[in-house]
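Each of the two complexes below includes subunit A, the first together with subunit B, the second together with subunit C.
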Partner chain A sequence: MTRLRADRRRPMTLLRAVVAELRKTATLPASAAATAVAVLGPLGITVLNAFSVRNAIRSGQPGLVAYTSPAEAAFSAAPLGTIGAIILGVVVISSEFTANSPDAGGGRQITATLAATPRRLVVLAAKAVAVVLNVLAAAAITLPACLFVADFVIGDLATPDDLGPTAARAAGAALYWTLTALMALAITVLTRSGVIPLIVLIVNSSLVSVSMVLTHVTTLAYYLPDAAGMRLFADDPLGEFEHALAPLTGGLVMAAWALGFLAVSSAVFTRRDA
Partner chain B sequence: MLSISGLTKRHGPRTVLSDVTFQARPGRVTGFLGPNGAGKSSTLRILLGLDRPTAGTALIDGRPYRKLPDPIRAVGSMLDGSGAHRSRTARNHLAWVARAGGVPKRRIDEVLDQVGLAGAGRTRVGKFSLGMGQRLGLAAALLGEPAALVLDEPVNGLDPEGIRWIRGLLRGHADAGGTVLLSSHLMSEVAEITDDLVIIAGGRIVATGPLTEVIAGHATLEEAFFALTGADR
Partner chain C sequence: MTTKPTRTAAVRLARTAAVRLARTTAAELVKLRGLPAILGTALGTVVTGAFLAVALASSAPTATDATDVVTHTVLFLQIGPILIGVLAVATEYAGRQIATTLTATPNRRLLLAGKAAAYLIVATATSVTTIVAGLAAAQLTLIARDRAAEAREFDPWPAAGAVTYLVLIGVLALALATLLRSLIPPLVGMLTVVLVVSPLLSGYTEHARWLPDRAGGLLYLPTTDPVLGARTGTIVLLTWIALTGSAAIAAFRSRDA
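Presenting the complex of A and B:
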């Protein structure tokens, strides 16, 4: 009887926890910064890309740019959105473990979080849901805006894009951001501090991708988390990545990585002293 | 009723708690007294489900904290200050706690008012003094109108007026039938507030019972404390 009652409450506890996590995210300046990076970053790069395409075409030298399609100008800016997603995934966890100054008691928010929601899997699931909703919302604004801006800047000079494949790439980019954010969240559960995951993940997705370096050694490196999903949104106009996984396969492999990371972090988070 | 029974906690080779057993009863203020590092916080962290014991149980009306359906409506707690992120405002902190705990929104203003932070609800927690942080922590503890309060060093950083205020608050809570368990290393404060006393030293309980019984045979609580903990060397 009591058992039954407890089980009935569980979905409500999760719903409450999700709403609480959404509120936390909305009122944390660091997550606002993450959203700003995810929205404004790709838009800015898209504008730059689109102008260089337009200038190259207008000057009669389209060979100077790798592509002349607006979609390409927009999707090659998508890695900036990945960085925003990484920041969001990291800060949602690291903010729980940031200690207040000793002058204010030196406490950490995780104490308050677990006092209100002692079931740790519920806490982690609620955080994952909040991150997914935030990333998808950012993608829903950013990607159409980037496509629109690129199309507007390049205008009639563009190589036209087909709607179907472009929409699929937009969905793919949103999925890539979401899965990356979930992996960043899971890794930060293990480290608790956000510093190392932020540095490693941002460098890896902007300056040097370790996976892409390794693809020169073995094509198996295309199965690594960040490389697996690259074709979700990235075309290969120069034919550099012929061994990259196809979008569907790559997306599934990347999703499997994200689930794996989440499984490990759940196991650690439920067993570890807070 | 809070029942702690046979609690042992080891961190590798180090034993932090050994066989800690005591109760905190409704209608009473129970003071949990011990030197820094004696195991007070470890005991309270286990009671609140934050850390796992190596052995033993810590129950709230017969259930572990993690199994309580609405934990913050049963137990209000404060450990290490407010537990609020420094870049969030006091009101926003209480708002998510209320959401997560299933507590109606109107309670946010009520508790801010009750702890004397009505004017600071829109201030970022990073700008709070230690005393304000303690008051915010208490506000969060009181949010769910819980029957039991578990407070780690609640008078830390409070000014004399604040100490007087919290004494009245805790007394009122116990007199209304609530349970209060508070830890402290400040003997004079504990002597003023508590009905029952639990003294811990080196991870072991060295005395439990009504304040008068524990002090019996000594001039003051302070003398009793040093005699019992053997810290007066």
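Presenting the complex of A and C:
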């Protein structure tokens, strides 16, 4: 009888923890900044890209730009959304471990969090769910808006993109952002401070990723977390990355990395002192 | 006879100011040395510089020149001085260190000058060591691959430009951190501009050349831009530093700590 009641209570605990984490995330100034980066960053870059594509076509020199399709103009701005996702994943954890000012007692949020929700896996799962929901919400606003803006600016000047592949790439970009945010969260659980995960992940989500340098040394580098998922949203019009993993394989490899990081961080988080 | 005492007084005043600045700088250097994160960043930058130089020199099919290899690693190495600049300021605000600091040195302009001087010493030492280590690592790798260019004259200017660029981009980070009084926002801001926004924009708009890292990059890649040269590029970067620095100094002097 008591067992049954406990089993029934468990989903409620998780649900309540998720709601609590969503509220905590919503009240962090840093998560507002992260959302702003994820939404406004790609939009701004898309507008710039789209106008330079339009100018290049109008002036009769489409060779000035690397591509002319509206979808390309939108998706080449996706790395800024990854930055927003990284910031969100990092601050959700690092804010728990940041000490208050000594004037205010010098306490840490994590002690209150664990007093309220002693089950550590529930805390971690709730945080992961909160991050995923936030990132997917940002992606659901940003990616269609970018595609719309690019299409609006470039208009009939370029050949329109097919709806199916474009939608698949948008879903891929959203997945890439989500998995990167989960990796950021998991790594920050291990380091308890945001600096190292921020540096490592921002470097590797950039166009000049260290993984890309390493692909010159060995093609195995395409299995590194950030490089594996690159084809989820990035086309390769110049054929520079012929050994890159296909979208499905790459997405699965990246998801495996994210799950692996989460597993390690869960093991560490459940075992050590906060 | 009448001017002599005033001149002595002026000399004494200048000497006092110099002594004060030297003492403040020494105090700031002691603080920087006491931060494990600064030491870790400096060592990490040197090791990364050598590692990347070996990786590039052993993989790039056309690499024959150590300077060429090293200038291509500056893109990543700039994270080191940026982190040093941000940490030098942000650690003051992590606890109440800033209250102690201002009690000891109430003159805020003097404090900023001392901090900047301490940063310059640490960042210059780090950058010089990193670039030299990178050059040595690249040259050894090229020799081991039998690819070293034969007896070409070594041009020290790109390497000196790379060192200057590394130090300057960190000054910009220091100024931004002073303005924002925190760790994560200036760090993320700087990294996003130099690693994501700048490469993204440079492909699609020529105006990207006015960004601080693009303009400053002409210090070590002097022939890549039709409008700016090494000198004008440096001026653009210095203008960014001057604007951010002025805002930081004004904010630091006028607000509560």
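Just so we're on the same page, the second predicted complex is superposed on the first by the 269 of 274 C-alpha atoms of A that agree within 3 Å, B and C clash if a C-alpha of one lies under 4 Å from a C-alpha of the other, contacts with A are read in each partner's own complex, and residues count from 1 in each chain.
Methods note: a contact is a pair of C-beta atoms (placed from the backbone, for glycine too) under 8 Å apart; a residue touches a chain by one contact, two chains touch by 3 or more.
These figures come from a predicted structure and were not determined experimentally.
Q: Could you tell me whether subunit B and subunit C fit or clash when both sit on subunit A in the superposition?
A: After superposition on subunit A, subunit B vs subunit C: fit, no clash.
Q: Is A:92 in contact with subunit B, with subunit C, with both, or with neither (first, second, both, neither)?
A: Neither subunit B nor subunit C is touched by A:92.
Q: What is the contact status of A:20 with respect to subunit B (first) and subunit C (second): first, second, both, or neither?
A: first
Q: Mind working out whether A:30 is in touch with subunit B, subunit C, both or neither, as first, second, both or neither?
A: both
Q: Touch test for A:48: subunit B only (first), subunit C only (second), both, or neither?
A: In the superposed model, A:48 contacts subunit C only, not subunit B.
Q: Give one of first, second, both or neither to describe whether A:214 is in contact with subunit B, with subunit C, with both, or with none.
A: second
Q: Contacts for A:101 in the overlay, against subunit B (first) and subunit C (second): which applies, first, second, both or neither?
A: It touches subunit B and subunit C both.
Q: Is A:115 touching anything from subunit B or subunit C once the two structures are fitted on A? First, second, both or neither.
A: In the superposed model, A:115 contacts subunit B only, not subunit C.
Q: May I ask you to decide whether A:202 touches subunit B, subunit C, both, or neither, giving the answer as first, second, both or neither?
A: In the superposition, A:202 contacts subunit C only.
Q: Once the two structures sit on chain A together, report how near the CA atoms of subunit B get to those of subunit C, whole Å.
A: Between subunit B and subunit C, the shortest C-alpha distance works out to 12 Å.
Q: Please report the subunit A residues shared by its interface with subunit B and its interface with subunit C.
A: Shared contact residues on subunit A (touching subunit B in one complex, subunit C in the other): 30, 101, 103, 106.
Q: Which of the residues in subunit B end up touching subunit A in this complex?
A: Subunit B residues touching subunit A: 45, 48-52, 65-69, 71-72, 77, 79-89, 92-93, 95-97, 99-102, 125-126, 128-130, 133-134, 137, 140, 156-157.
Q: How about subunit C: which of its residues touch subunit A in the complex?
A: Result: residues 37, 52, 55-56, 58-60, 75-76, 79, 83, 94-96, 183-185, 187-188, 191-192, 195-197, 199-201, 203-205 of subunit C touch subunit A.
Q: Would you pull the subunit A residues touching subunit C in the complex into a rising list?
A: 30, 33, 37, 45, 48-49, 52-53, 65-66, 76-77, 79-80, 83, 87, 90-91, 94, 99, 101-103, 106, 194-195, 198-199, 202-203, 205-208, 210, 213-214, 216-217
Q: Which positions of subunit A touch subunit B when the two form their complex?
A: Touch residues, subunit A against subunit B: 5-6, 9, 12, 16-17, 19-21, 23-24, 27-30, 95, 98, 100-101, 103-109, 111-119, 271, 273-274.
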